[in-house]
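In order of appearance the chains are A, B, C, D and E, and numbering begins at 1 in each one.
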Amino acid sequence: MSGAPRVPASLVGLVGFFAIWEVASRTDLVPGYYLRPPSVVLPTMVTLLGDPEFVRAVVATLAATLLALVIAVLIAVPAGLVLGSVPPVRRAVMTLVEFLRPIPSVALIPLALLTFGTGPDTKITLAVYGALWPILFNTMYALDEVDPLHVETARAFGTGRLGLLGRVALPSAAPFVLTGVRLSFAIALAVVISTELFSGGTIGLGQVVNVASGGGLNMDTVLAGTVLAGLIGYGANAGLELLHRKAFAWSQPKVGAE
Amino acid sequence: MNRVTRTAQRWVVFAVAVGLWELVTQLAKAAEAEKSFFFPPPSEIALTAKDLWFSSAFGDHIVPGISRMLGGWALAGVIGIALGILLGRSRRAMAYLGAVFNFLRSIPPPLLVPFFVAAVGPTNMQFPTIVFGAIWPVLLNTVDGARGVDATKVETARVFRLSRAQWTFGVVLPSALPKVFAGLRLSLSIALILMVISELIGSANGIGNQLVRAQRDYEPTAMWAWIVLLGVLGYLFNTLLLVLERRALAWQPRHSLETQALATGG
Amino acid sequence: MNMLEVDGLGHTYKGKDGSHTAIDGLDFTVGAGELVCVVGPSGCGKSTLLRTIAGLIRPSRGTVSLHGNKVDGVPSDLAVVFQDYSRSLFPWLSVTRNVEFPLRTLSRTEREARAVEALAAVGLSTAGKKYPWQLSGGMQQRVAIARALAYRPSLLLMDEPFASVDAQTRFELEDLLLRIRREQDTTVLLVTHDIDESVYLGDRVLVLSKSPATVVAHLDVPLGPVRDQITTRASDDFVELRAKVAGLLQGAPVTVR
Amino acid sequence: MNMLEVDGLGHTYKGKDGSHTAIDGLDFTVGAGELVCVVGPSGCGKSTLLRTIAGLIRPSRGTVSLHGNKVDGVPSDLAVVFQDYSRSLFPWLSVTRNVEFPLRTLSRTEREARAVEALAAVGLSTAGKKYPWQLSGGMQQRVAIARALAYRPSLLLMDEPFASVDAQTRFELEDLLLRIRREQDTTVLLVTHDIDESVYLGDRVLVLSKSPATVVAHLDVPLGPVRDQITTRASDDFVELRAKVAGLLQGAPVTVR
Amino acid sequence: GLLGGDDNTTSSGSTGSAGAVEKAKVKVGVLPVVDVAPFYRAIEQGYFRDQGLDVEPVVMASGAASINAVLSGDVDIAFSSYPAPLLAQSKKVAEFKIVADALTAKPGHIVVVAPPNSPLKKPTDAPGKKIAITARNTMTDLAPMSVLKTQGVDYTQVEWREMTFAEMIPAMERGEVDGAVVVEPWVTTAMKKIGAVPVFDGASGPTAEMPMSGYVAIGGTGKFASTSPNTIAAFQRGLAKAQAEATDRTKVEPMFVKYAKIDQQTAQLVTIATYSTSLEANRIQRVANLMQEFGVIKGNLDVASMIPSSTSNK
């Protein structure tokens, strides 16, 4: 989702969300001791960000997420190009893929813990596994939508199979692939934090939340972590959108949306 | 190419993978390798699975789990497509709502638990969790598709002063449809995944509930049986969705033999 | 009684790297039921002009009025045949459905009747069930024409509508257009790069200069409402007018009207 | 010495609901350095013919041979100007980059030089940095032509390449094509629906019947290699040939050659 | 090995008699719970250092995760509540050795609580009620089931609902569950936040003084528990010193606040259970028997075989 040019408007939406939350937890609509209001959570978050240990945890989570995303892109884009353009390979591999895809990383945490230990390997591996699919699928589907005439044009001018993939298929698929990357970022972040949350052992935002929720209703910290995760994702998304606008100026809608 | 070779093509990699899996796990078991306890051979898993799936667990856990998941996915699809078209074609809606959605979508589902617990309570949060998590691929892909409507088609629609319904369902939706389907397929597996995650909390039944119990009780064969069930279900629903997709996208040139040959360079 | 009034019309496309003035200070009028042909060099701004009249782009300067009302948004009762016809067809609809698509106010049977009639008129009776990408270029262009005709607009804008059909079909379509214009009293603004065609079809010919387009001349074509491919084209008036238009296009200083 | 040999060529499009035979039993040859124009009714199969020669679709029957070798896959040293020029440009590349696209074997400077030259030849020197959608229809078509010319193919296939440009530009592009053909000894197969153009440009004119296309006639055009828009078009030979082609197209039983 | 104790030449600590430790650097998987307060105190006070050990706590997310970490060899010793390692032992997942006992229940430590207006007022109300627990086959369901059984209440009719402690409180308030089984500090928290009242104590009658949790390691050839008897003994001595001091509230309360993230106010109120100073197989055997009684463990499990031979204070 992009194209939010006016900052005030986008703020209105966010502020509205926080306002509803505030009111809900201030009135007795929801248990306020549990769902702490943002007026408590946001300052807690700011305070936490002053704590070097917390910052280290956030950085650890972020680094793992980014690494996982990069690995996922490096695997999924070429794989998507091949699967999208060579039907026999697609037929042969997709059955296995469709069996693997719905297996939740969370269910694999214990096995991953046994295999990779408590280090960052576990969460990165699981995050790559979760983040692969949107990129892979969007690449494949984008290939289906490549204008056949573009393919014919390139072939007529003697472009080989690889050139076709790299110089025609990839550029025309790129915007949709990037949407896949945006989806995958959120998934990678979710898997990294969930792994920290459900397995522990490595430092990270999930670990902080887990420790905080273990010892009593430290919902301030839990929710601060939640909001921070949201903000990280929001920032990453904004960055990817900027990239999108810069890289794909040609794909901007030429006719204004009503 | 005839049907038989096609089917063979479809399953050969899968069969080889399962064969390798069996081989490796059997070897590990024979060698009494460490941790082989947690990685039973698929033949054993199959036996356990047969007993597990077709026992009373079917009605107690599998059916409730699946109905939650399918219901959640369907609702996520409807909301995702509707919102996606709105956000994709309206700058204003995007300006106001884009930020909120990007914020919410980045919160990992396990961290959203407090919100759902506060809103619907821990024993009722499975369904909303699934809906909330499965929306995003459909939403984002629909936005992309809705935005990508060819400029000449937009102008054509405007010139003929199409009604809002015609514009939405006759122009925007069909041109976004291939991307919507990509989103729906992603959402489907995410719905399955979230079904498992959401059943970890407050639920008395479900596949996720059983999976985690098997995990905790050190019953790796049962745990794998549930994992395999997720794979089977994912494959099944995906196949059904593909049939639907092929019908809905029958108009696409890519489904003609000519362009298929073209895409492969043949 | 002027159907269409264009007054000081100008449009500048704004881009990241500089802007481009496509048309500038255009003034002309088109009476109800008139058929006006627009000719001008490639890239001079003809399509831009049609787009502003159709209300698809808001002009940077000047106004377009229909029936005396300033155009702001797409006017009703208007049909356009786009230059980029292949992209203006909906690939997910069959040919018949494409033609029926804008006729939503009509009953189902009436819609079908109109589509059948329009497709027959452009010689595509047998292609109704096909999808656009299964058609040849010229056939796609004729589908776009059929769609516009089936709509029975009071103002019809056509952007090089016969560019992709063979000579024979082109003649037939030209005569079809003339007939429909007579029968339905449609006002037509037609962009063409074929000078003969502009004279053969037009009640008037609007000659535009090269980019940014300004009106070079506004020629009356006194050939009468009923025309014939062989006799009209052989007439002296026709040959003379045709030379005049060609001369104007090449920048010869001709003052007419 | 035949560059191109087409032998019993036929193609049937297979669809879910029935099949459609676009061309059937075509036989003809084109010598090296010849310019052959193809004319035929809309939808008869001209584009299909070009696609099979380019190796983009595998014909259902018959063979295409280049230099005596059967075509199987896309031959090297071939360029195509597609009828649907606007869709054949890559929207993610600027105009210059579009023209440079096929030239990846050349050095960077050489590529640029070729692109600049080709764009200048079609009158688009100033549009190099724009994206295709910022151009008018005729300009896009000229970009497609420039791309094919910059490639300097030995066989050039053109599908109604001048359909969207004004008369003046069309004349210039025709002459450009003739000049390049002479200079580079390119073999050209050009589909057009403009009968005058086919006679003006062609060494021979291939007339096709309506769908499924078969060869109706194969006319020699004895106008010599150097032609001129004014004198050639005014010559008696020209007028006679033109009438002959028109007659053939309308199905008059003429036996030539 | 590389990480072996040879590099640690500086100290054999105050009790040098036991011989040099085989592995100076020891990783211990722990949870953010009150049970490990003495462990952290031992680190802070340098009791492990005195024994020649460099102990690194690795905070895990659950007992199961902790067990998996020790199984993978990633940590040497894992803290867990007893049912998980005992179950794993009975399934022959690995050869578990109990290195040290951590906490023994005392009245008020594990309690079945209910919101004030709940229909669950006394143990006999339990059948048909929804009661929140952390997970099946843990102390949170075994202990109350045992109590109910001895009182002749049909425990099989209780509807258990699994959720985290944090979620139990709003769940009770919303009436989604009629009660919850909570351990400290959640007993105190539930009372404070929603005025929850105790229904019955989970550590009474058959489960009185029930051992709750301990530290385990993996034995067998080449495994830590077999190769590092001196290290284990050193760990035991260091921990025992802190466990013994834990009777003094002021010594553990700061650990609650710092490591279990319990707020100061609550920390002052929580019931502090008994921190064991000895490792007695027959006491821990009660947990195994309890699990057997409710069918969690099939067959006999001899806890004595799980006590490492090197243990000093049997």
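Everything that follows uses one rule, which is that a residue touches a chain if its C-beta (ideal position, glycine included) is under 8 Å from a C-beta of that chain, and two chains touch if they have at least 3 such contacts.
This one's a predicted model, so the numbers in the text were calculated from it and none came from an experiment.
Participant: Can you give me the shortest step count from chain C to chain E, moving only between touching chains?
Facilitator: Each step joins two touching chains, and the minimum needed here is 2.
Participant: Tell me which chains count as touching both chain B and chain D.
Facilitator: Touching chain B and chain D alike, sorted by label: A, C.
Participant: Averaging each chain's C-alpha atoms to get its centre, pick out the one most distant from chain C.
Facilitator: Looking at centroid distances, E is the chain farthest away.
Participant: By number of C-beta pairs in contact, which two chains lead?
Facilitator: A-B
Participant: With chain centres taken as the means of their Cα atoms, state the distance from chain A to chain C in Å.
Facilitator: Inter-chain centre distance comes to 49 Å.
Participant: Taking each chain's centre as its mean C-alpha position, how far apart are chain C and chain D in Å?
Facilitator: 27
Participant: When the centre of a chain is set as the mean of its C-alpha atoms, what distance in Å lies between chain A and chain B?
Facilitator: That gives a centre separation of 16 Å.
Participant: Of all the residues in chain A, which ones touch at least 2 other chains?
Facilitator: Each of 31, 34, 110, 114-115, 152, 155, 197-198, 219, 222, 249, 251, 254-255 in chain A touches at least two other chains.
Participant: If a residue has to touch 2 or more other chains to count, which residues of chain C qualify?
Facilitator: In chain C, 56, 84, 87, 134 touch at least two other chains.
Participant: Would you give the residues of chain B that are in contact with at least 2 other chains, written as numbers and ranges?
Facilitator: 35, 38, 117-118, 151, 155, 200, 215, 252-253, 256, 262
Participant: Considering only the defined contacts, which chain C positions touch chain B in the complex?
Facilitator: Listed in rising order, the residues of chain C that touch chain B are 51, 54-56, 74, 76, 78-80, 82, 84, 87-88, 90-93, 101-102, 104, 131, 133-134, 151.
Participant: Show which residues of chain D lie in contact with chain C when the two form their complex.
Facilitator: 13, 15, 17, 20, 39-47, 83-84, 86-87, 129, 134-139, 142, 159-160, 163-170, 193-195, 246, 249-250
Participant: Spell out the residues on chain A that touch chain B in their complex, using ranges where they run on.
Facilitator: Per the touch definition, chain A meets chain B at residues 1-6, 9-14, 16-17, 24-25, 30-31, 34-35, 85-88, 91-96, 98-108, 110-111, 114-115, 133-134, 137-138, 140-141, 143-145, 148, 151-152, 155, 161, 164, 175-176, 179, 182-183, 185-186, 189-191, 193-194, 197-198, 206, 209, 219, 222-223, 225-226, 229-234, 236-238, 251, 253-258.
Participant: For the complex, which residues does chain E have touching chain B?
Facilitator: Result: residues 64, 71-72, 84, 87-88, 91-94, 130, 135-137, 159-164, 167-168, 170-171, 174, 176-177, 296 of chain E touch chain B.
Participant: With touch defined as at the start, can you tell me which chain B residues reach chain C in the complex?
Facilitator: 150, 152-153, 155-156, 158-163, 166, 170-171, 174-175, 177, 251-253, 256
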